[in-house]
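Two complexes, one shared chain (chain A), two partners (chain B, chain C).
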Partner chain A sequence: MRTLGWIAINGFRESVRDKVLYSLVAFAILLMGTSYVLGQLTAGQDLKIMKDLGLSSIAIFGLFMAVFIGIGLVSKEVERRSIYGLLAKPVRRHEILLGKFAGLALTLTVNIAVMTLALYAVLAYVGWGENQFARQAREVPALDPALLKAVALILVQLMMVTAIALFFSTFSTPILSAGLTFGVYIAGYFSQDLRNFDQVVNSRAAQVLARGLYYVLPNLSPFDVTSQVVHGLPVTARYMAVTIAYGVVYIAMLLIAGATIFSRRDFK
Partner chain B sequence: MTVRSRLPVMYAVFAVVVLGAMSVGLQMFRDARYPLTTSQEETLYLTQRATGRMVFTHRSLVSDLYWIRAIQYFGEHTQRAQRLAATFLPPPPALSADPPVAFDLLYPLLDITTTLDPRFNIAYRFGAIFLSEGYPHGPGRPDQAVALLQKGLTTSPDKWQYWQDIGFVYYWNEHDYSKAAAAFARGADIAGAPWWLRSLAASTLAKGGDRAASRLLWQQLGETANNEYARNAARLKLQQFDAIEIIERLQKAIDAFQARRGAPVRSWNDLIAGRVIPGVPLDPAGVPYELPSPSRVAISPRSPLFPLPLEPAARTGA
Partner chain C sequence: MPLAIETIELTKDYSVGFWRQRSRRALDRLSLQMEAGEVFGFLGPNGAGKTTTLKLLLQLVFPTSGEARILGRPPGDLSAKRRLGYLPENPYFYDYLTAEELLTYFGGLLGLRAADRRQRVSKLLDEVGIGSERHLQLRKFSKGMLQRVGIAQALLNEPDLVILDEPMSGLDPLGRRDVRALILRLRDRGCSVFFSSHVLSDAEALCSRVAILSKGRLVASGRLSDMLAFSVRGWELVVADVRDDVLAAIATRVSRAVPLGGGRFELEVPMATPPEKLLADLTATGARLVSLNPIRETLEDFFIERVKQPS
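The block that comes next holds the complex of A and B.
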C-alpha cells in the first residue's frame, strides 16, 4: 500500500509537471469566462449557458487529460526504458499500474477542483451583479451547490475513461489506445440504443449480441446530469450512490484486467 | 544583465510588436478587400433527428447554441421584414400569400433546441411569442406556437405556465376566447397554479376581447415572468393600454370642445386657451401626444410606446 502511494504521488508530480495540463486548465477557465459574454446573447438565459458551458468544459477538457495522460502512463515508461529500473525494484507490476491510476485520478481531481472553483467564481460574479428581484425570479440560484453533484459524476466518469485508457495502453500502442478509448467513450453514450436493439432488429442473434455489448461497454449517459442540475431538478442521493457504485465497479474491473495483462507483458 | 546581453531580447520584443502590427494591418486589409462570404445557412442545418444522433453528449450546451441561433434568426428576419414593410407598399392581395421574408427555419430551430433540452423553459415560452407574432414582427404562426408549448407539456405536464401561454396565443393571435378560456382552465387545474388563472379563464369566457380582460392578462404575465425581457414586454403593453385610455379621454374632450366652438382643434394651445387641459398632454412614457390632423389625437411616432397595439376586439371588429 505504501509503495502504491509513492507511485501515485510520483505519477501526480509527473502529471503536474506536464505543461499541456496547465494549458488545458487555462483554456477551460478562459472558456468559462467567455461564457459571460455568450450569456448576454441569450434573452435572460445567461446563468444556464454559463453552467452548461462550465460543466461541458470540465467534462471535455477532463476527457482530454484522462485520455492523453492515461495512455501515456505505461507507454512513456516503456519508451524511456525507465520501466526496467522500476521493475528491478521490489515493486509488483500491478502496484505500478494501480499507483499510476491513483496518481492520474489525483491529478484529475485537483484539476477539476480548480475548474469548478473558476466556474463558481464566474457564477458568483454574475449573481453578485443581480438585483434582488432578478435573484428571486431565478428558478435556480447562481451558486447552486447541486452543481457539485454534476461535477462529482463527471469526475467518476473521467476516472472510468482513465481506466479504459490505461487498460488499452497495457497491450497497445499510444495512438491505437487513444483511438480505442475515444471509440469506447462514444459507444458508451449509445449503449441505450444497444439495449433497445430488439425494437429495430428481428434477428435473435443480433439482439443477444447487442444486449451483451450493452452490459460489457460502459454506460456513460447516466453520468451526465447537467440538464437536471441546470434546471434545478432533483438528483437524488440514491441515484448518485448507484451511479458512482457502477463507476467504481467498472473501474475496478478494468484495473484488474489491465493489471493482469501488464503482469504478463514481456518488455524485451 | 549587460546592454549587449539585453539586445536579443529587445530585438525579439521589437519583432513581436512589428509583426503584431503587421498582422492587424493585414487583417484589416483582408476584411475590407475580401469580405467573408456567408453561405446559405438555411441549407446547413441538420434535421432534428440527425442532430439528436450526432450530439450524443453535452446536449444541453448544444441546445443553448441552437437557442442563440434561434434568437439571432428571429432578430435578423424581423428586422429585414420590418425594413421591407416600411420601404415598400404592401403587395396586392393576390400576391401577398407568401410574405417577402420567410421565417421557415424558426420552428425547426426551436424544435431542435427543445428536443436537445426538453426542459428548456424559456425556449418554449419565448419561442411561442416569437412564432405567434404577426408579420412583419414574426411569422404569424400561432399554430406552431401552440404546438411548441404542447410539446413542452409532454415533458413537463406540471407547467401551468405553458397552458397560460397557450391561452395567451389563442386570445391575442387567434381571438378564440373559448379556446383561450379552456387553456387557462386547464392550467388552473394543475397543482400549484395561481388562483387568478381560474378567474382569468372565467373573465376570458365572459368578456373576451375586453380591455380589462386584456389588461389583466398582461398584468399576470408580467407578475409571473421570471426574466427581465418578459417583464419589460408586459410593462410596455400595460403602458400602451394607459396611452390608449388617455387618447380616448382626450378625443372625447376635443370632440366636445370642437362641437362647442364650431371649429376644428389645430393645436394643443387651442385646448389650453379654452381651459380644457392644463398643458400639453404627455403619454405614460413622457412624450407629448400629437394632433397629426385637425381634432385627431394620436401617439407620437417618437414615443417608445409607438405603435399602439390593436386590441383583439378592435381587430375582430367585435
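The block that comes next holds the complex of A and C.
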C-alpha cells in the first residue's frame, strides 16, 4: 500500500508539472467565463446556459486530460526506459499500474475541483447581480448544490476513461491507445442502441455480436445528468449509488485486465 | 560461498517482424555463476546479449527457457530486490523531478524511513559529486550527471549486489576514475558487483572474474589470472648503442625493430628466441640494455580472439 502511495504521488507530481494540464484547465475556465457573455444573449435562460456550458467544459476538458495523460502514464515509462529503474526496486508490476491510476485519479479530482469552483464563482457573480424578483422567478437557484451530483458522475466517468486508456496503453502504442480510447468513449454513449440491436437486425451473428459488445463496452450515458441538473429535475441518491457502483466495478475489471497483461509483458 | 548470481541454461528468444513473425535468439543457454563479494565483468561486443541477460536477471523480460537466481531468489522476488542496486545503460529518470526528489522517491519505494532517507540521499548526492545540483530538475542534467544520479540511486539501499550496465558510459576521465574507485570501495565492504562493459581496461583493472559473451553465447568465463597469467607471447627489449650492421644481423631473430630516437631501439622478440641469448649477443657488440619486459596477452587480445572464433 505504501508503494502504491509513492507511485501515485509521483504520478500526480508528473501531471501537475505538465504545462499542457494547466493550458487545459485555463481554457476550460475561460470557456466558463465566456458562457456569461453567451448567457446575456438569451432572455431568462442565462443561468441554464452557463451551467450547461460549464458542466460540458468540465466533461470535455476532463476527457482530454484523462485520455492524454492516461495513455502516457505507462507508455512514457516504457519508451523512455524509466521503467527499468522502477522495476529494479521492490515493486510489483501491478502496483505500478494501480499507483499510476491512483495518481491520475487524484490529478483529475483536483482539476475538476478547480473547474467546479470556477463554475460556482461565475454563477455566484451572476446570482449576486440579480434582483430579488428575478431570483424568485427561477425554478433552480444559481448556486444549486445538485450541480455537484453531475460533477461527481463526470468524475467517475473520467476515471473509467482513464482506466480504459491505461488498459490500452499496457499493450499498444500511445497513438493507437488514444484512438481506441476515444472510440470506446464514443461507443459508450451508444451502448443502449447495442442492447436493442436484436430488434433491428435479423442476423443471429450480428445479434450475438451486438449483445457481446453491449456487455463489454462501457455504458457511459447514465453518467451524463447535465440536462436533469440544469432543468432542476431530480437525480436520486439511489440512481447516483447504482451508477457510481457500476463505474467502480467497470474500473476494477479494467485494472485487473490491464495488470494481468502488464505483469506478463517483456520490456525489450 | 553463496552465489550472488546464477543462471542455468538461460535462453531468450524475441519475436521479430510484423506480419510474418520470426524468432530471434538473443541469449542461448547461458550458464554462469558469480560468487558473493566478487567484482564480475560481463563483456561482449554490441548485440552479444549482455543487456538481455541483465533484463532477465531483473525480470524486465521473461526467459524462453532456463532459470536465473539473484541472491538465491528467483528474479522479481521482492526480498532480493531490497538487497539489489541497478544502474541501467544510459539511464533515463523522470526529468520533471530534481535529483533529490528522485532519490527520495526511490528511497520511499525501498521502504527507507524518513530520517534514514533524508540522510542517505544527502550523503549519496555528495558522494557522487552532484550535491550542489540536488535541487535542479533532471532535464537540465548532462549525460554524465545523469549517470552519477543513476549510480546514487543504485546505492540507496546499501545493496549486497550491484548490477551496473555500462557504468562508465557518458563519463569523463575524472568520472571514470571516480566510478572505478567506487566499485573498489563496494568490493571492500563485501558488496558483489556485476557490471557489463565495453571498456576492457576497466574490466582488467577491476574484475576478479569475467565472462565473455558473443552472439548470445558464453565463449569464455573464469578468473582473469587463469585466463591471462601464462599467456606471455614474447618480449619487449629496449637497447641503446646498437650498430647498424648488428641490427641487420639480428633481423631474422626479432619480429620488429622500432627506432625510439637517441640511438635506442625497441625490439619485439618472439617466444621462439630466448631473450637471454639475444641480449648476450647484443651486449657483446657494445650495445646497452635499457629494459626487458614480457609481452603478455591482454584482455583485449583474449577478447578479440574469442569473439572472432566462429560460433
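Here is the rule we use: the second predicted complex is superposed on the first by the 268 of 268 C-alpha atoms of A that agree within 3 Å, B and C clash if a C-alpha of one lies under 4 Å from a C-alpha of the other, contacts with A are read in each partner's own complex, and residues count from 1 in each chain.
Just so we're on the same page, a residue touches a chain if its C-beta (ideal position, glycine included) is under 8 Å from a C-beta of that chain, and two chains touch if they have at least 3 such contacts.
Only a predicted model underlies this, so the values are computations on that prediction, with no experimental measurement involved.
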{"item": "Superposed partners chain B and chain C on chain A - clash or fit", "value": "fit"}
{"item": "Touched partner set for A:I186, first chain B, second chain C, both or neither", "value": "first"}
{"item": "Touching partner for A:A59 - first (chain B), second (chain C), both, neither", "value": "first"}
{"item": "Touched partner set for A:V216, first chain B, second chain C, both or neither", "value": "neither"}
{"item": "Partner chain in contact with A:D224 - chain B first, chain C second, else both or neither", "value": "first"}
{"item": "Angular separation of chain B and chain C about chain A, which is computed from CA centres of the superposed model and rounded to the nearest 10 °", "value": "150"}
{"item": "Which superposed partner A:A237 touches (first chain B, second chain C, both, neither)", "value": "neither"}
{"item": "Chain B versus chain C as contact partner of A:S82, first or second or both or neither", "value": "second"}
{"item": "Chain B versus chain C as contact partner of A:A205, first or second or both or neither", "value": "neither"}
{"item": "Nearest-approach distance, in Å, of chain C Cα atoms to those of chain B in the combined model", "value": "23"}
{"item": "In the complex with chain B, residue positions of chain A that touch it", "value": "38, 41-45, 48-49, 52-53, 56, 59-60, 134, 137-139, 186, 189-190, 220-221, 224, 226-227, 230-231, 233"}
{"item": "Residues of chain A defined as touching chain C within the complex", "value": "2-3, 6-7, 10, 13-14, 17-18, 80-92, 264, 266-268"}
{"item": "Chain B residues touching chain A - in the complex, by the definition given at the top", "value": "56-61, 64, 67-68, 71-72, 117, 119, 121-122, 126, 225-230"}
{"item": "Parts of chain C lying in touch with chain A, wherever the complex brings them together", "value": "14, 55, 58-62, 78-79, 81-82, 84-86, 88, 91-94, 96-97, 101, 105-106, 108-111, 150, 153, 163"}
